[in-house]
Every structure is written in C-alpha cells, then in structure tokens.
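In what follows, structures are represented as structure tokens.
The two complexes that follow have chain A in common; it is paired with chain B in the first and with chain C in the second.
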Partner chain A sequence: MATFSPILRQLGCLRSIAKPQSLVSSQIARRSLTTVYTPKQEPVPLPSKLPKSFLSQIPPRQQPTNGRKKLKVYPAPPSSRTVCKDPVAAVTESQLTALDPTGERKALFDYRRNPRSVKVGDILRVTFKNGDPFSGVCLSIRLRGIDTTFLLRNELTRVGVEMWVKVFSPNVESVEIVQRTEKRKRRARLYYMRQPRHDMRSVENIVSNYLRQKSALSGQRGQGGRGRGQKRRR
Partner chain B sequence: MAPRLPGWLLQSPLFLRASHSIIRSNVTTRPFGIRSLNPPNTSRFNVGSDLPVLKSTPTAALERKANTLPPRTGAIAIKKGMTALYDTETGKRIACTVLQLDRVEVISHKTRQQHGYFAVQVGSGWKHPNNLTKSLLGHFSVNGISPKRHIFEFRVRDENGLLPVGQAINADWFQEGQYVDARSNTKGKGFAGVMKRHGFGGQDRSHGVSLTHRSLGSAGPSQGGGSRVYPGKKMAGNMGNEQNTVQNLKILKVDSQNGIVVVNGAVSGPKGCIVRIQDAIKKPWPEIVFPSEPVP
Partner chain C sequence: MIQLKTMLNCIDNSGAAVVECVNVLKKKRPATVGDRIVVVVQKQRNFGPESSNNSGIANKVRRGDIRHAVVVRAKKEMQRPDGSIVKFDDNACVLVNKSGDPIGTRMNGVVATELRGKQWSKILSLAPMHV
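Our next item is the complex of A and B:
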C-alpha cells in the first residue's frame, strides 16, 4: 500500500466500476431496506357438509344462512286499469247506447262531421215528453258528448226567451228542423242575434206555417206524408 | 314470637306447593299463626269487575265510537273524472264522478289487542319491487300480497269487519243506491293570500290605502290584549292539498268488471287522485253480505 502515491489512492474509487455488475447490484440490495412480499394466506375453506351442531361455532359472517334473504315477491292480480283504460268514456258510452241507440240524435247535431246536421241559425222545434213544444232559432251548439246541448231563442209575449236544450235528455221527445238557414253563418255562436239590430224576433209564424204544411201533407198522403214528417223528426 | 321455619323446610317443594295454593291476588297469607281480620288491599286503586268503565280508557273510547264506526271496510279508488247520467224516472241530468278501483286487496289487520283498535289495512295498484323499501317488501311478502302503490287503513267497528288478508275488494263491494263518504286531498292552490284562503274582505281600492289592497288588517290586539298574535290567527299561507271528506254521496252505478264506481256529485281533488270511499256514517249501514260467510 505504501507504493501507491496519494494520487493513485484517490483513483482507487474507480475500482468499483471495474467490478462485475452483478456484484454491485447485490451490494446495493444488501445495503437498502427491503421487505419480502409474502402473499396473503388463503383462508382455509370451511369443510363442506359441516354438521349443524358446529355451525354455532363459526362466526355469523360465515354462517351459510348469512347474507340477504331473498324475499318472495308475489305477482300482481289482473288490473282493471288495463281492462278499462278510460272509465269516463266507458260510462258515457253506456249512457249514449241507452239513450240514443241508433246514433241518430248524435248525428243530427254533430255539425263538425255530418253535413246534413243542424247548423246554427236553423229554426228548430223541440217537443218534450210532457207535451210542451218549444221552438226558436238555434244560436249555438255545444258538443260535449253526453252533455251536448243547443240554445234556442224565440220571443214569447214580446219578451225574448232562450232555452238550453239537452240533446240526449230522455225528456226531449223529438227535435224537428223547421227551416234551414239560408246562408251558412260565419260564426259558431250567434250571440249577436240578441242585439235589437239582429234580433229575429218571434219565429212562431214560420213554425205555424210549417205545422200547417205538415198536417196537410200527412192528411193528403196518409202513410207517405207521415213518412216525410218522420224523417225530420228525430 | 311466631315460630320460624327451618330453612330446609322453606326450600322444600312440598312447602312451596302448599304456599301457592294460598296465594290470593298477589298477597300471600300464611296458613298458620295470627291472621288479620281485614286483609290488606291488593291495590290502592278502586278495582273490581262490577265497576263502571272509566271515561278516559280505550275501552270507553271504543264504546263511544261504536255508533260512528262503519261495520265494514272501505276501498281505495282513483278519481277518473266527471260526467253526467240521466235519471231514468225523472229524466233529470245528474252530475257524477267516475272512480275506478284497481287491484284493491286487504294487506293486514289492526286489532284491539295488538294496536288498540280494529282496522283493515288495504292496498291498491302495483309498485315495482325495486322501488320499495325492504321493510315494506317484507310486509307484503309475509302477507302474501303483491307490492302495492297505495296503502291506507279503514277503521271498522269490531272484529267482524276484518276481511281475511288477501281478499280482493271489487267495485261490487258497494251497492247501487247506497251512500258513501269520499275522502281525498283537495287541489293544491299554492301560497294564497287571506282574501282567497280565508275569504277576508281586503282593504279599500282608494281612500288613501297604498300597497295593501289585498292584505289582512290587524293581526291582533294591542297592549291590552297581550301584545301578541294569538295562535290560530288566519294568515296567508299554503292553501289546498289537504284532506277533505265529502259525505253522503249516493252510488249511482257499479261496474265490477271494469272496477268502476260512479258516485253522485263532486269529489275533492284533481283527476287521478286517490279517493277513499267507505260507507256513509250518517246514513243507515247497507245490508252487508260478508264474503267469508256462506251466502244463503
């Protein structure tokens, strides 16, 4: 060692480079802190076919009955909602079939679909079940299913009179068209006819004329004449 | 000094049996020695079988309610809308409400012994089991019923009114012509002022009134009245969406196939709301035919 000069002694650090690589790495490994990875031990599986008397000894977590219990969900009975989706319509339909079995009344006032129906401005004559007739100009028609109504206006003893008539009411025996309006009215509701300027006043004359003609026809032709009358009577 | 029994005799089964036979109403009397002429009171309260029922007991409460509780359960219905029927005799138009019963079934009972009163728990509709809490699902599963969307209970007078669990209540549970009470929530009106909510008069349009035309006047008296607002003061607030009972609605039509019950007049609430119908308490009870009983 004495032969080495101090300079050479410093160069001695290069010896580590000259050493084989494997040795170096092993040295580093020896110097650094390492922990050996040991995999977690596999839990010992429970013996299958464990007698029931031993079950109390194992923790509840591992009991075979542990875990979410499956609740039995019972199926629903058949629903009336699927049978009848729209009960209001069903009730209305049953009423309509009872009150208007042929559908004639409905067609007579369905001015949106039936071109031969009653229009506003027509003069109508309604006979009620108790025998009272009422005639007047139709001012408006309300289409509301079973609640379909129309408004008649007339003049009795020089006083303007209006009456809402329910189309499907069993008290309404017949509705006759006395006179159709000359021109199609350009409004759906003829409320302007209440103004003195547009008021039609009494329609009694027109109705009485119509009644006279009708009786004459029925008197002349007998069966045939009545047939024509019946056609308009709904 | 009274003679004492030796300890072994006290523990012997023979002696115990003898002492049991003498136990009378929680007070043991010795079979020997000097006995009291006036046995001690068992309770400091006045007890006995022949005493009248106290007014503040559940027994008395049930007795008082007996006349106003219906003998049979009601049903859960859904309001479907209104329409009209024509009276076949007079030809008059009758406004009516259409109700529909949907899979109404008895879920369970409330009994006097367990809950203090008799009631039938009834459910209707169907709810997906995934959307139900486990506790409710268990309740349905135990009783063998499909999961229900709406659950209500109907009080009944006694145990005769408890329908068997699982029994379906159809529209024909009600008879045409009988009367019912309809219980439902009214339409919600939101936050409403006093004029709309309580019908207050409001204040003047003019005469110097500024910015308080629809408000309430004073909320309470001044110093003489306690300088405070009394509880229950009518003020602005949420209006509607509270339960309302419409009594004595006549049943006009029953269609058990479609589950339709048509009642006379209006029922509170919007279309699609839940309506509970039960026999009217102010009318004579209808002739009941319990399905459990054999029909003659």
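Our next item is the complex of A and C:
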C-alpha cells in the first residue's frame, strides 16, 4: 500500500497544476484589452431653484443643510467666580465673626503666629456649656479655619481617654491653660504619648492643684491663669 | 468596633474579668458604645485569695457562661453631635440580664455619656464617672 500512494499523489498534483494555468492566461488576456480611459462622470448639479416640496425626495447628503439640523447655541452662564472669588474663605470669615467676634480664641490656638498661644504638650482644661469640664494634655492642634480642633488626652480611673474639641464650637465655654510644657516639644503631634513608655498618665492632680490656687486667688484672674501656670512647675 | 471574637474588659462586680463577644444584637455592623452584645465569660475575677473558696457567692457568673452585655467604652473614636470626638484606650462592657438590668451592683471605671441617649441610664448612674 505504501508503495502506491506516492504515485496517486503525483497524478493528483499534475491535474491541479494543469487546471489553473488556463485560468491565469485568460485573465492576462482580458487585462491587456482594457486600455481605454473613461473619465469619472461629473455629478449633475441640482437645479438651483428646487421647490421645497421636492427636498424630501433627494438624499440627505445633497440637501442644502447637508442632512444636519441647525443647533441653537446658547451663551455661557455668567461665571460665579467674578461674584465671589474664594467662597470657602468668605464662609470661614463670616463664621469666625459670628462665633469668635473678639478673635481671642483664634489667637489662643494660632501657634504659628502667636508666641503666647497654646502649644502641644500644655495641660488644658475645657469647660463645656453643659457644665462638665474635661482636662488633659494637648497632643495636637489642627489649624483648619473654622474647623480648628485640638486633641486632649487624660487618664480617668486608670483608662486613657482622648477627646478632640472644636475650638470655635459654641458648646465650648472656656479653655484654660493649666500648665505650660516645660520644654518646647520638637514634634507638632505628640501621638507618641499614647505609648505606655511616654504616657503622662493622669493630669487630674495638676488640674486640681491649679483649681485650688485659682480659687485661693478668689478666681478673679481668669486670664491670669496663664501666667501662673508658667511659674508653677513640677 | 466590637465584633465576633473581640475581647472586652468587664468593669462590674458580676465576677467576670474578660469576656469575648460572640454576637452583636440588632445591628449588622460592629458594635459601639451603648450597643447590646452577647458575650462568653473567658476569665473570672478573683476577689482576693481568701474569697476563692466562696467564689460562688461573690461571682454571679462563671467561666464559659453566655450572657448579654452593654458596651460602655470603645477604642474606636465616636463623634458627638457637636463635632467633638471621644475615644478610650480599651473596650469595656457591663453584663446585663435578658431584661436589660445590670447583673453587677457596682462599677469601676469611666463610661461614655452616649449611654444616656440609648436608654442605659441605669448603667450610667452606677458608673463612678462618665465622659
């Protein structure tokens, strides 16, 4: 069987070669005949005065509008940028005048400009509108315009408690500096004081000491507490 | 953020010291202050070496008990309506019975004031201090 197959294959191959040769020759013959050049037909222009009723019959590409509807272009709305250039700053300004008319609170926490302001590491005492105070070490001051906050940390009944307080909140009645930090802290955020190694633990003793001294001075020097706090160091 | 497997301190005198959360009730999210949870008592509190023999009197719950509890402190910071944020250094709870009364009679430790808004004033009055 194996000896027959190549012969069969060869015969089939010959037949296939013989067939297309005639086709190719006929194609060449046909090509050689087409030598006359006929220019492309010029498009017949539409009659200029075509009644409107006929316009729908011609294809949309050849219609005078080129198949497109004419869009109405509206003028741009007046820019609000010209009315108010920086609306966020304007809102902050108006809120600050409402919540902090004297600018005292702002100066108390503006540690970048005011050298007498609260610094991180100070012990603060905040009294709220509802009467309950909260005191603690100031771990960070976040200056964000009207959203300015500070973080106090204290230890109550041997459990660490942290509180973020909004400086300009109407709920905050007063902020007192109980004790200044002994040395300027070299960090802006004292989050390391959460670690047991650096934790200040409870500051209740210092605060109660301060309150006793304050009441001894008949409590008239509300603002003077700052100066005294500086003197009294452990 | 108290959820399945969270270990909490128990700050009442029911006898449990450390409990493990096994379920958060009425919520599909992690529990926070004021939420009711189901806990398993993992560690008992020993009231001194002498009272170990009569621990049945002092301790109202035993190790392995399944109880309901109310979260009173959470590590996850929570925001108050006035914008201030409060967080504690640990997660703590108080055991309550099915009707919502505390099992212990005393509490040691500060609790969050949010309990008042969630009808847990009884726990708040037992606490020595609230923030």
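Please note the rule applied: the second predicted complex is superposed on the first by the 137 of 234 C-alpha atoms of A that agree within 3 Å, B and C clash if a C-alpha of one lies under 4 Å from a C-alpha of the other, contacts with A are read in each partner's own complex, and residues count from 1 in each chain.
Throughout what follows, contacts are C-beta pairs under 8 Å (C-beta built on N, C-alpha and C of every residue); 3 or more make two chains touch, one makes a residue touch a chain.
Because the structure is predicted, anything quoted here is derived from the model rather than measured.
Asks: Taking the superposition on A as described, I'd like to know which of chain B and chain C A:F134 touches: first, second, both or neither.
Replies: A:F134 sits against chain C, while chain B stays out of touch.
Asks: Quick one: is A:L99 in contact with chain B, with chain C, with both, or with neither? Answer first, second, both or neither.
Replies: Touch status of A:L99: first partner only.
Asks: Once the structures are superposed on A, label A:A216 by its partner contacts, choosing first (chain B), second (chain C), both or neither.
Replies: neither
Asks: By the touch definition at the top of the document, which applies to A:L50: first (chain B), second (chain C), both, or neither?
Replies: Neither partner.
Asks: Of chain B and chain C, which one touches more of chain A's residues?
Replies: Counting contacted residues of chain A, the larger count belongs to B.
Asks: After lining up the shared chain so the two structures overlap, which partner does A:N171 touch, if you call chain B first and chain C second: first, second, both or neither?
Replies: Both partners, chain B and chain C.
Asks: Applying the touch criterion given at the start, work out whether A:A188 contacts chain B, chain C, both or neither, answering first, second, both or neither.
Replies: A:A188 sits against neither chain B nor chain C.
Asks: Have a look at where A:I58 lands relative to chain B and chain C in the superposition and call it first, second, both or neither.
Replies: In the superposed model, A:I58 contacts neither chain B nor chain C.
Asks: Which chain A residues come up in both lists, the one for chain B and the one for chain C?
Replies: The overlap between the chain B and chain C interfaces on chain A comprises residues 166, 169, 171.
Asks: Spell out the residues on chain A that touch chain C in their complex, using ranges where they run on.
Replies: 134, 156-166, 169, 171, 194
Asks: Going by the contact rule set out above, which residues of chain B touch chain A in the complex?
Replies: Result: residues 80-86, 88, 91, 93, 96, 98, 100-103, 105, 126, 129, 134, 137-138, 140-141, 144-147, 168, 171, 253, 255, 257-260, 262 of chain B touch chain A.
Asks: Could you please specify the touching residues of chain A with respect to chain B in the complex?
Replies: Touching chain B: residues 71-81, 83-84, 86-88, 90-92, 95, 99, 129, 145-147, 166, 168-171 of chain A.
Asks: Considering the complex alone, what residue numbers of chain C touch chain A?
Replies: Interface residues on the chain C side: 73, 77, 82-90, 92, 108-110, 128-129, 131.
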